[in-house]
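First subunit A sits with subunit B, and in the next complex the same chain sits with subunit C.
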Partner chain A sequence: MAVTLNEPRTKDSPVVRRGAGKNWEKWGWVYMRASGLVLVVMIFGHLYVNLYAGDGVSALDFAFVAGKWASPFWQWYDLVLLWLSLIHGANGMRTLINDYSISPIGTGLKKLLSPHFIMKSALLGATVVLLILGTLVIFTFDPCPVSSNPELLPSFCPAAS
Partner chain B sequence: MSLKSTQLPTPTPSKSRTLRPTSLLNGRISLPKRPAGTVYRGREGMWSWVLHRITGVGIFFFLLVHILDTALVRVSPEAYNAVINTYKNPIMGLGELALVAAIGFHGLNGLRIILIDFWSVGTRNHRLMFWIVIALWIVLMLGFAPRHLMHVFGAQ
Partner chain C sequence: MSTVTIEAAQTRIPERTTETTAVEDAPPGSFVVTLIIRRYIPETDDEPRWQDFDVRVLPTDRILDALHKIKWEQDGSLTFRRSCAHGICGSDAMRINGRNRLACKTLIKDLDPSKPIYVEALKGLPLEKDLVVDMEPFFEAYRQVQPFLIANSTPPGGRERTQSPVARERFDDTTKCILCAACTSSCPVFWTDGQYFGPAAIVNAHRFIFDDRDESAQVRLDILNDKEGVWRCRTTFNCSEACPRGIEITKAIKEVKQAILVGKP
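Then we have the complex of A and B:
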């Protein structure tokens, strides 16, 4: 039986790339570097103001935090810090889970009960909950709550003693 | 006559403890005492990676706790101060020093990783950059540690 050979360098049928389109791992890689660059600067500022300036860590209390978050600047500073750092950390932990835990072979219940899947679910759950919690805390925060001990409030509160 | 590994003479026990039997095989063959090193293993490249992982994990779990304890400002001034006051002791103070040390290394080494990835000669100079990271980290800690320890151990 005669076999017909294609001309040299004839194109094969179009290559079908797996998961063609968005390369999520690449964007994760880009995110780690972009956010890391910002975080180096912002965490330096965070540590300087909270641990180095003034009386450092011994000055931390409610009045200190309330004094900062009375200003939109520090509210937004800490919000950006929260989102950038927690997603940066979670993506790093995702890398470690991928490195040290075998991904499940099965599907269904076998997959749901695998340590790999449980750890990734816990990681995602903790990250989402803390992002929402932190965001709500920063923007629903009242620096001068009524019915609190006036001695604990920042000096600008009407009730402060 | 070529010496095959199966014909190696039994090394004579040495009186000197500094020389190991494996380095005495006929004075010609030195068997590795541990898995053979590479340009990566056991050197700056590996240790920067190890330290980056360990510090990263530590910082991540601190961050989880840090977000939760800070969220207590939304509960009440009393609740927040009660928890923060449990941190104000020498053990936690040293923990804060370790935290800053971990963040300092992770951040500086992260900048080194970015330079390795994006700087045309970054890969060639990654080992030199590791030692620059260590040097900058030492300077950072020398600036922070004395002041922080004064805050922790000093009079209120």
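Then we have the complex of A and C:
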């Protein structure tokens, strides 16, 4: 059976204007432009250092990443890159959800079970989890953890067999 | 193709008669073009359907002339809007070969008449009948931006409000709008988001925001700073391409965004 969407502006989506109040759309729009400009520079910097400078792409391995994260400069570089790009992407996904799903009019359970609300919650959850995990990895990364199986350690670790 | 047409079109003259008379009386330079029109008559159709018509036209004929020929000579039930028929009233905007245009400004010979020409109603507005859509949501958004001069102060000298040619030039482009809805109904955000103001409303807000005689620019900027206001624009340029008056709509929307950011026009 064919699934049909409601025609826009039928009774399910009456035009509702919110009153004048704080509205984040403007700042979301500004963020996309500002972060976009910074990201263009930072991503090409990232690609240049990882894939081209020195031995190029052949130098890229576990030791290379471990070496980079031994320096606070690259830790902060990667942190800024992670936060700017992940929030940039998530905000883009948010606008897609706003564009293609109608926000529910009801409250309570009707709102909680609407595709619009579920997609937005999933997006927010995924973004927050990835940001926290990424930040944790950048600052707690230890290439040679103490008391781990020496066979699994990379060759440059003192404890490696 | 034409068998279906004869069965569907109740008032159509049998094809052989039409063809014979047409060829005998055919004006020099005329040719036959096939129009495939998306029909929908709410009393009899559950779903819109495509119906094709063969029309003999001249190189000087527009899509509107072909629609008239169909309505007057083949099928009187074909429904569409038109008023002035000269590109000013904005009544006959429709989707022709997948692009929003005015039927009265589109020459058939410019559209490759060797292939069938597809004609359908504007998208994104509720379909009422054949090529007629409900324009109310469009005008609702238009009214919300207060598209009229608001000037409550006494004019200088108590006589009239003068405006320099430079100040007039500032919003000249957006005065050209004829409210045909070709831009708004070509906007992908307007198709899917039931709440977006749409390009035409922003264009008409622009016309007064940047008018130095007007005193309510800030009110309109606040209205368009809404969640469903200018920030919904994805700069896809569909509106600028669709506008039969050649208004640089995306640029106008961008100027309104800029005015909201700096807080004044």
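Methods note: the second predicted complex is superposed on the first by the 115 of 161 C-alpha atoms of A that agree within 3 Å, B and C clash if a C-alpha of one lies under 4 Å from a C-alpha of the other, contacts with A are read in each partner's own complex, and residues count from 1 in each chain.
Criterion: a contact is a pair of C-beta atoms (placed from the backbone, for glycine too) under 8 Å apart; a residue touches a chain by one contact, two chains touch by 3 or more.
Keep in mind that this is a model prediction, so the values were computed, not measured.
*Asks:* I want to verify the contact counts: of subunit B and subunit C, which reaches more residues of subunit A?
*Replies:* B
*Asks:* Would you sort A:L39 into first (subunit B), second (subunit C), both or neither based on which partner it touches?
*Replies:* first
*Asks:* Please indicate which partner A:N98 is in contact with in the superposed arrangement: first for subunit B, second for subunit C, both, or neither.
*Replies:* second
*Asks:* Just subunit B (first), just subunit C (second), both, or neither: which does A:C157 touch?
*Replies:* A:C157: touches no partner chain.
*Asks:* Quick one: is A:L84 in contact with subunit B, with subunit C, with both, or with neither? Answer first, second, both or neither.
*Replies:* neither
*Asks:* Once the structures are superposed on A, label A:V30 by its partner contacts, choosing first (subunit B), second (subunit C), both or neither.
*Replies:* second
*Asks:* Same subunit A residues contacting subunit B and subunit C, which ones?
*Replies:* On subunit A, no residue contacts both subunit B in one structure and subunit C in the other.
*Asks:* Within their complex, state which residues of subunit B touch subunit A.
*Replies:* Going through subunit B, the ones touching subunit A are 53, 56-57, 59-60, 63-64, 67-68, 70-71, 73-74, 76-78, 80-81, 84, 87-88, 93, 96, 100, 103, 107-108, 110-111, 113-114, 117-118, 144, 147-148, 151-152, 154, 156.
*Asks:* Under the stated contact criterion, what part of subunit A meets subunit B in this complex?
*Replies:* The contact residues of subunit A facing subunit B are 33, 36-37, 39-40, 43-44, 47, 51-52, 55-58, 60-63, 65-66, 69, 82, 85-86, 89-90, 92-93, 96, 126, 130, 133-134, 136-137, 140-141, 145, 148-149, 152-153.
*Asks:* Sort out for me which residues of subunit C touch subunit A in the complex.
*Replies:* The contact residues of subunit C facing subunit A are 124-127, 137, 140-141, 144, 188-195, 222-223, 225-229, 231-232, 234, 257, 260-261.
*Asks:* Provide the residue numbers of subunit A that touch subunit C in the complex, in ascending order.
*Replies:* Subunit A reaches subunit C through residues 7-10, 12-13, 15-18, 20, 23, 25-26, 28-30, 95, 98-100, 102.
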